[in-house]
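In the two assemblies presented below, subunit A is common to both, partnered first by subunit B and then by subunit C.
The block that comes next holds the complex of A and B.
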């Protein structure tokens, strides 16, 4: 790379810093809100930096006293993990074979396009049919029912993402494995899937986030602690006559933690470039 | 019994016929090169032998056993791909041993075979690396090793040298020849490079438009090209082709009255008045005096290029382009005229319409 002048590299760093500030400012404000005393949050003019640091709301939300706000929040946290986790695992289980099949058999690619086309429908169009369907199956207000609904959203998305991942793996590698005597499943297990690990991890992460953040269907299809997810629980906090902005912010911080942890854990798998060197170049 | 028999193989995609009946019979230990420009069907034929594509008709036998419909892994073949197709997530050791591993060969035996192969290809020190950590030439060796280790009846090579730079390509070519001489394996090798074909093959099949134009040893293909296409494809620079018409004294070149006398063997090959093409290889042309008895071309010299080992001279005779490869110390200047002679055995005669060799 050519050498850069000082003003230019200053400019580059300033831009990067600005971008970071724009992205991180809401998150920082969320955290500050969660530790500010209630008075500070309603004061005029707004107090940007709290006089005293107040962590009590974290205790309230994570308490396990029955019938408390904490119990409701923890239950919704567990529900969210269950629903998003189940939907993601099921979506991957469906998407891996489907994506591989579509990638290796271009003549059936139209089926994937048709599935993707259902993505164009706004969720509200499907809300009523889905509601009746779930009611008929007795799956309303159930984490399994909600996971099933999410699966219909996640499966096309992950299939689409992984198809491009499989497309990047040369077919010749699989042909070579076939001539070496590897059966279909041995080829997939030893060669193809390890090579597709980065894109599988990416798909899993995005699928989990999509399910984690979903609000509309969760609001419609759940009604109490047995199935309510985080997004609905946070909305409940804001929906009362008196809204504790600090408490909502605290719930927001806590809700952001699981995806962040999963992202950190999968960071290694997300690093791609594993396929380099197998074929020319 | 032949090691590999290809019998009337056809391949059609809808109305498009890419292979129009290929017949080749290969003895054990032969090195067959399928030579042709892209789209001639050579890779399709290789893929059909490998089992990666289905034939539309015909039969292929390896060791007397028909293999069409047999799974690629049971055909007793191994293939080296143009892109190498190594397994990027496995070490070199496991890449080479993968075929044996899948065939449930005991670990100790496998280890021995991998070590022997690595030693043969001088890649013992690379066994613990991943393909991504290797250079192009090293990857090529691993790909060859992966094929060698299984000791199949027939090896298939799909343009294996096309991704290497010029120097490495030559080294690897020699290496392949050495391996073939040492191991005596039967090889089918696809390339569009006529030098590779000439140097490696025991037999060359020159292909064009889904047909074999000529099947023969490198000497036969070079010295006695069956068609004008083969004559132009094999050899560098390509053979000079001069248009003319047969007269009582020989062939009169178009554009002038120059008459090239025909040697005895070609005298009765074409009737008087027939349009023909004369072929002379550039390396067969040499400077002569005017009194020579061999056929003579009077060339007006236009370009003189010194390549180092030889001097490539381009000029015109009767308005038709002629190239000659001369010794490097030849004194020639642009613009002068000079007589070029050639041995009468070096003269080729083709029919202008069918483009088939005459005589």
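The block that comes next holds the complex of A and C.
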């Protein structure tokens, strides 16, 4: 191990402190805004830390009194959970068999690469026909329609992650089970899928986060409380004539909470998923 | 099991995925191609065949050319800054210091924050009357009067780029850090014994390990930056005076705000083609680095 001199160690600690401030300051400010009285946020000079901490906005947004700001927020929260949940389950159901097939039969792999290449497509290249198509099926402004559209993003991504997961499971284990007389589906159920469970969990989390984050399609294909998701609701708040900035910040904190918790708890799995997927391509 | 029946089985297992992909991607894409040769409107008429008129009109329009420049500036500067800051942060996080584990953990925060929340947060920070940036710069004496960071064409794009970098450089840092941790200790130790200075060590010992993962990150980030929509829509909607209007915003306006589905479709395909060319150039680059390092 290299001996570090004191000036070098001091320099490293100073840089680390700077990096910590850069990362934390904006997030901390979002939270402080959410608990500051409205008057503090419009005071000059700005009050950086509230005299009295005010958590009432969380209550306002999470209440379900009819026609209140809370009712709209709660509805969009429920819509986001429904759309992201349904799209994640559907994407995994499509991805798992396809990814396993490609992993074990590389000769059909080219079709998977075509699916993955769709990642390059800007959503605007599909938006107009999808709009007509959803309108035709009566699925505009519907959580089911939006979940269906989200498969354009989630299905290629989960298939890609699942394939690298299956590649890491030696096919000899499957062959051994089959030698012992287990059929194909018994082998998959007893051997392969349990071994692939961690990758499935990572893929599901990624898919859920992608859907939770999505904005463009949600903006185009939803119009009211029946299907509007959180991202659209927050953009409405930010772009509208809301005079209390703290309320906007509170909505942001609540929308960020699930992915931030998932990110902090699952960091190791998420990073290895990102890097292994990235390196193996 | 024989080769042909294995292949048949594989196709059967892939059938559901392929069928859905054809329905939600293949068919809409083909339909966009068809629409791009018509003067269809979003509501009402199906439109008449007009040949390549839309393409000619769009490519020649000053709006398109200006938007292409704006998009390129946004993509090049933000991705370059994210790569440099990401690698610097990774080199730092690979050193010994108190609180290293905590700081590594915190790096996931900006990545986890939803894009729309990030955009909203920075919109509040840049607020012309009550924003934290104005307040902070005033209080330390770097500013004489509050400014409208997102409201002036001179500062709007730069302000957006900062917000985008803050969200994305930590991910590059985490990817680079994972690659740094894969550099064998004895190699760095050997280079020290051989008398390599810090810059030579970075260039010849560490960079070869970083190159692969970094190029993949570069490809993905560039494609995303070129398609950027969310952060700009929430923060400026392409304004002021169209100074932050990127290609995706322009397509949205053409197809949905002005309801010109036909010319919007042609514009969308031009963007798709540009991204595809970019990806092809990168594919060559990736193959070359893969060849030189392994």
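Convention: the second predicted complex is superposed on the first by the 228 of 281 C-alpha atoms of A that agree within 3 Å, B and C clash if a C-alpha of one lies under 4 Å from a C-alpha of the other, contacts with A are read in each partner's own complex, and residues count from 1 in each chain.
By our rule, a contact is a pair of C-beta atoms (placed from the backbone, for glycine too) under 8 Å apart; a residue touches a chain by one contact, two chains touch by 3 or more.
The shown structure was predicted, so the numbers you read here are calculated from the model rather than taken from an experiment.
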Touching partner for A:176 - first (subunit B), second (subunit C), both, neither: first
First, second, both or neither for A:191, with subunit B first and subunit C second: first
Comparison of subunit B and subunit C by subunit A residues contacted: C
Partner chain in contact with A:151 - subunit B first, subunit C second, else both or neither: second
Partner chain(s) touched by A:111 [first = subunit B, second = subunit C, both, neither]: second
First (subunit B), second (subunit C), both or neither touched by A:245: second
Touching both subunit B and subunit C, residues of subunit A: 274-275, 278-279
Partner subunit A, residues of subunit C touching it in the complex: 6-7, 9-11, 13-14, 16-18, 20-21, 24-25, 27-29, 31-32, 35, 42, 89, 92, 95-100, 103, 105-117, 119-125, 127, 129-130, 132, 135-136, 138-139, 166, 170-171, 174-175, 178-179, 192, 212-213, 216-217, 220, 223, 226-227, 229-230, 233-234, 237, 247-248, 251-252, 255-256, 261, 264-265, 268-269, 271-272, 275-276, 279, 286
Footprint of subunit A on subunit B - complex, ascending: 50-52, 72-73, 77-79, 81-90, 98-99, 102-103, 130-134, 136, 139, 146, 150, 163
For the subunit A and subunit B complex, residues of the former touching the latter: 170, 172-173, 175-182, 186, 190-191, 194-195, 274-280
Footprint of subunit C on subunit A - complex, ascending: 2, 4, 9, 12-13, 15-16, 19-20, 22-24, 26-27, 29-30, 33, 41-42, 44-46, 93-95, 97-98, 100-102, 104-105, 107-108, 111-112, 115, 118-133, 148-149, 151-152, 155-156, 159, 209, 212-213, 215-216, 219-220, 230-231, 234-235, 237-239, 245, 248-249, 252, 255-256, 259-260, 262-264, 267, 270-272, 274-275, 278-279, 281
